[in-house]
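Across the two complexes that follow, subunit A remains constant while its partner is subunit B and subsequently subunit C.
Here is the complex of A and B:
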């Protein structure tokens, strides 16, 4: 009885201590995360502007911004561009390339693994803005790629960023993001014990059957998590695209984050910009929902 | 074990807290160094190493500080594109902690910033200022907002026209004193140059959205106002969204960029370094024949300029831009300019006004226009011999009398963005002129409301 009371007391004081230590983190979350999020939602119902008479008199305009969005062809176009960018560079590019590299590296010589690993991870470690400039330099008229191409034959330099803008930013983003997927898959693949695979071979499974019925199901959880993280981070890519093409030429690479920036800070319409940012949020939520349903992750 | 957990948690919290506390450094770093002096922060759009305004202000700073021991001038340029400058300035003017004391305002955004209450009303200041009479009436109008008050002191104005390379022209058998009469003549001339010198870019102008107002004003509106149409009916306060002139101007861009391939490649045209590349590098080196741009570009070719050359008038010409089919008065130009303003949130308005007064006197104004290559806003400076004898100044000054100004509306900056989008869409070949004009119509209706269009 005495001991139980003593232990109850301890749990209580533990809880108090936990609460005290967690409070600063909670307050910070509140100030820097929840309040700005609430403000974003609030501002999306206003005509907030950066300059002009509207900057002085902010007014609630109800659903005007959202009605305008429904009639905004550019927005639909941007959603489409965003989906193309996310699916091709994130889902298809980074995930499959990351998996492939991790799979091929499995069980290989340690020095070889380290060398390849460093090469791939370098792209991920350098800051996004530097990566973007690297690609601008690589794809420029007198850039590395064109120098190689023109030295091979008498062809005129190709203005990649202007003739193939979407492909350029997709390739750059795959190059940059593959390392993360590779690292995640490497860890997961290393956890599969050799016995399982050997048993499958003994039962007469081919190499491909082995990949599809043993390896992939066993790293399903990692695939789901990586898919989710990659999708969400690709959805928010701004620096890379803005530096390489600024959403152009025309609207060729105008994904939602770039369009949001354009509306808020170039066209000075902060209210409409924040409304667009909610679309990005909703898009991310849809992706998350679909993944959880499809992959039946706990 | 438990203790370790607490320790980690405490350390983690402390880390976050300390990370958050780091952002309080004063933006005004010189403030502490010169005790007793009032720091006056001057902000303008910086253009890198060859910044003519920076050079002028550095000289001004020396003179001013030796005569005014109570003021410490702090020069804080904002580098970046046209759009970035206006955005960052607007953001900084929202708070007394970040607002500069004297800012350089492009007159097109002055109306918006005045309507947003960002700028100090200068009526009382200029009312007691004798030299105000020395400023031309039409430039005073440019700094007067919709409420009839003055919000900036003009410093420079400008016109636009076609810079052409005389050596390239003579090689193609064209006259050195070339003066086109219509858009078609520009295209014909460009074709002649292309046929005689295939490596030379025949005609070039600002077409990239990323180059902001330059694309809208130096580029598109130089064509558009030559069709006789207007963007904005100032009497009725309505925007023109069904203009044939709009489609015609875009069609001209489509013609020279895409249909006849008389323009620069997209990697040059859509680059945010377009202007320095074409004006400072390609034009002086005979790689481009005609460039539609501002008269101030002359400074590049004068003594101390980036592309300094001897006998500039024998190598580079400046022709007024013709109207579409040669309609009266035969040429078209837009005029803009810059002004010095005091943000409403400035903490030292009296001192800031003293600085602006000093920057606006005869000597200082003369230095500024001559170092920048722009046109003066003061009557007495306009008669100074060192100004009048500057090469290639006669034509730009003469065409000022028929110059068009941008719409006086606080929504013009937003509409201008739509123009830039339409121009880039056409020049990059992603839309036809008609499609881009329709996108513009929709965009403007979204901004100003359908009832304010015609």
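Here is the complex of A and C:
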């Protein structure tokens, strides 16, 4: 009885002490992150605009923005484009290429690993806008890729950003983000002890059996977490697409962040732009929820 | 692992091809920046020159934008490191009942896209007259990068043995003194890692200053890069690439300097064990 009360007291005091230490972090998070998220919900019910008569007085317009959204074909199209972008560049591209590189690097010479690492990581460390300009130049009519392609065969230069805009931004984003997945998987793979794999070989497991039944299950936690971080950060990619294609040509690469920017700051419809932010947040929450569930199952 | 020679050769070849594909787009930047006649594609400079770089470092407006980037990134990273240490301490040392849900929330917030909150933040900045205020911009970015920093800092703090602290308490040190005198010195690599992660993210951020800063004189380096695009689609490739190299150098340098401490930043396997 006495002991139980003691431990209760201890938990209580731990709870209070933790709360005190967390206060500064919570204040900053609240003011600069959580309140804006709340405002996202609030503003999406207003007719907030940057200029014109509406800018003077903000009015609640109820579900007007949402009614507009339901009838906005561009929004549906943008959601689709966003999903294509997130799944192909984030979930499939970065995760599998990152895993492949980390897996192939395992057990290789340290200097060799370092050389490969530098090439992949530099793409990720440089500022996003520099990465975007680099790709604009790389894919241009007279850019490096076309120079190489035309020198190999007698073909005419391809305007990649106009003819294959979605593939272009997807490839650029895979290039940019693979390093993060690679580093996460490297850390996880290095933690797997050699003995476990050796033992599997002894028992007659083939190479592929080993990968699927030993290696992948052992880094499952890392895969799930990396998947979540990659998905959510790909969902928010703005600079790369805005710089490379500005959502075009036409609306071919108009993902949600680019569409939101266009509505809020080009068409000056802040209220509607905020409603689009809400869609991004909801998509993020759905992804986050699903992955967190997956993590807990683990 | 038992790998045959052929397989080993294939592994190496694939890796080398991947590395070349990754570095190829970047080579253009390096080569053009020292070329007297740079074009849009990769070519070996016929004549080597530093003129492009001189043009950048002699331009006061560009120097100013780099200084603003430095201010934003340092300000943000400083706040983030201090607040993250304080927040990580109880998560690492006490057993609050809400610790697990809190860590999951942090993990989720970590990668919530900044672009999803930027419109309301813009509106909030208008209302509060924070517009064009660099400190407010730095604080917003601090808020956005705080979750990952707390996550990372907790990972590092978990590996500092609690016994060292306990002996300091026995000698009469307070909790705060324990953090300052015992934990912080042992966590120097961790603190640098958090600092560099935050700094790199902030240094390269384009969206936030693009939206939240209005006055051209207050724009950081990520936005002023647009000046190399003249009218009628003319681009000063020499200037653009030299600028890009100078702008990228600090973060590339910082990253590779601190790389050996950084593996903790990518250690997510333990996330589930909480």
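The rule is short, and it goes like this: the second predicted complex is superposed on the first by the 269 of 298 C-alpha atoms of A that agree within 3 Å, B and C clash if a C-alpha of one lies under 4 Å from a C-alpha of the other, contacts with A are read in each partner's own complex, and residues count from 1 in each chain.
As a working rule, a residue touches a chain if its C-beta (ideal position, glycine included) is under 8 Å from a C-beta of that chain, and two chains touch if they have at least 3 such contacts.
These numbers come from a predicted model, not from an experiment.
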Subunit B versus subunit C as contact partner of A:107, first or second or both or neither: second
Subunit B versus subunit C as contact partner of A:267, first or second or both or neither: first
Which of subunit B and subunit C A:99 touches, first, second, both or neither: neither
Contacts of A:45 with subunit B and subunit C, given as first, second, both or neither: neither
Touched partner set for A:72, first subunit B, second subunit C, both or neither: first
Contacts of A:85 with subunit B and subunit C, given as first, second, both or neither: neither
Partner chain in contact with A:17 - subunit B first, subunit C second, else both or neither: both
Partner chain(s) touched by A:277 [first = subunit B, second = subunit C, both, neither]: second
Which partner, subunit B or subunit C, touches more subunit A residues: C
Partner chain in contact with A:28 - subunit B first, subunit C second, else both or neither: both
Shared subunit A contacts, counted only where both subunit B and subunit C touch the same residue: 14, 17, 21-22, 24-25, 28, 32, 140, 265
Subunit A residues within the subunit B interface of the complex: 14, 17, 21-22, 24-25, 28, 32, 49-56, 68, 71-74, 140-141, 159, 161-163, 246, 248-252, 262, 265-269
Contact set on subunit C toward subunit A in their complex: 1-3, 11-12, 14-16, 18-26, 28-29, 39-42, 79, 83-84, 86-87, 89-91, 94-99, 102, 104, 107-124, 139-140, 142-144, 146-147, 150, 200, 203-207, 211, 221-222, 225, 237, 240, 244, 247-248, 251-252, 255-256, 262-263, 265-272
Of all residues in subunit A, those that touch subunit C in their complex: 11, 14-15, 17-22, 24-25, 28-29, 31-33, 35-37, 39-40, 43, 48, 97, 100-101, 104-108, 112, 115-116, 118-123, 125-130, 133-135, 137-138, 140, 142-144, 146-147, 175, 178, 180, 183-184, 186-188, 190-191, 194, 197-198, 201, 219, 221-222, 224-226, 228-229, 231-233, 235-239, 257, 260-261, 264-265, 270, 273-274, 277, 280-281, 284, 288, 292, 295-296, 298
Footprint of subunit A on subunit B - complex, ascending: 2, 6, 9-10, 12-13, 16-17, 20, 83, 86-87, 90-91, 109, 112-113, 115-118, 208-210, 265-267, 270, 272, 410-411, 413-414, 417, 421, 424-425, 428-431, 439, 442, 446-447
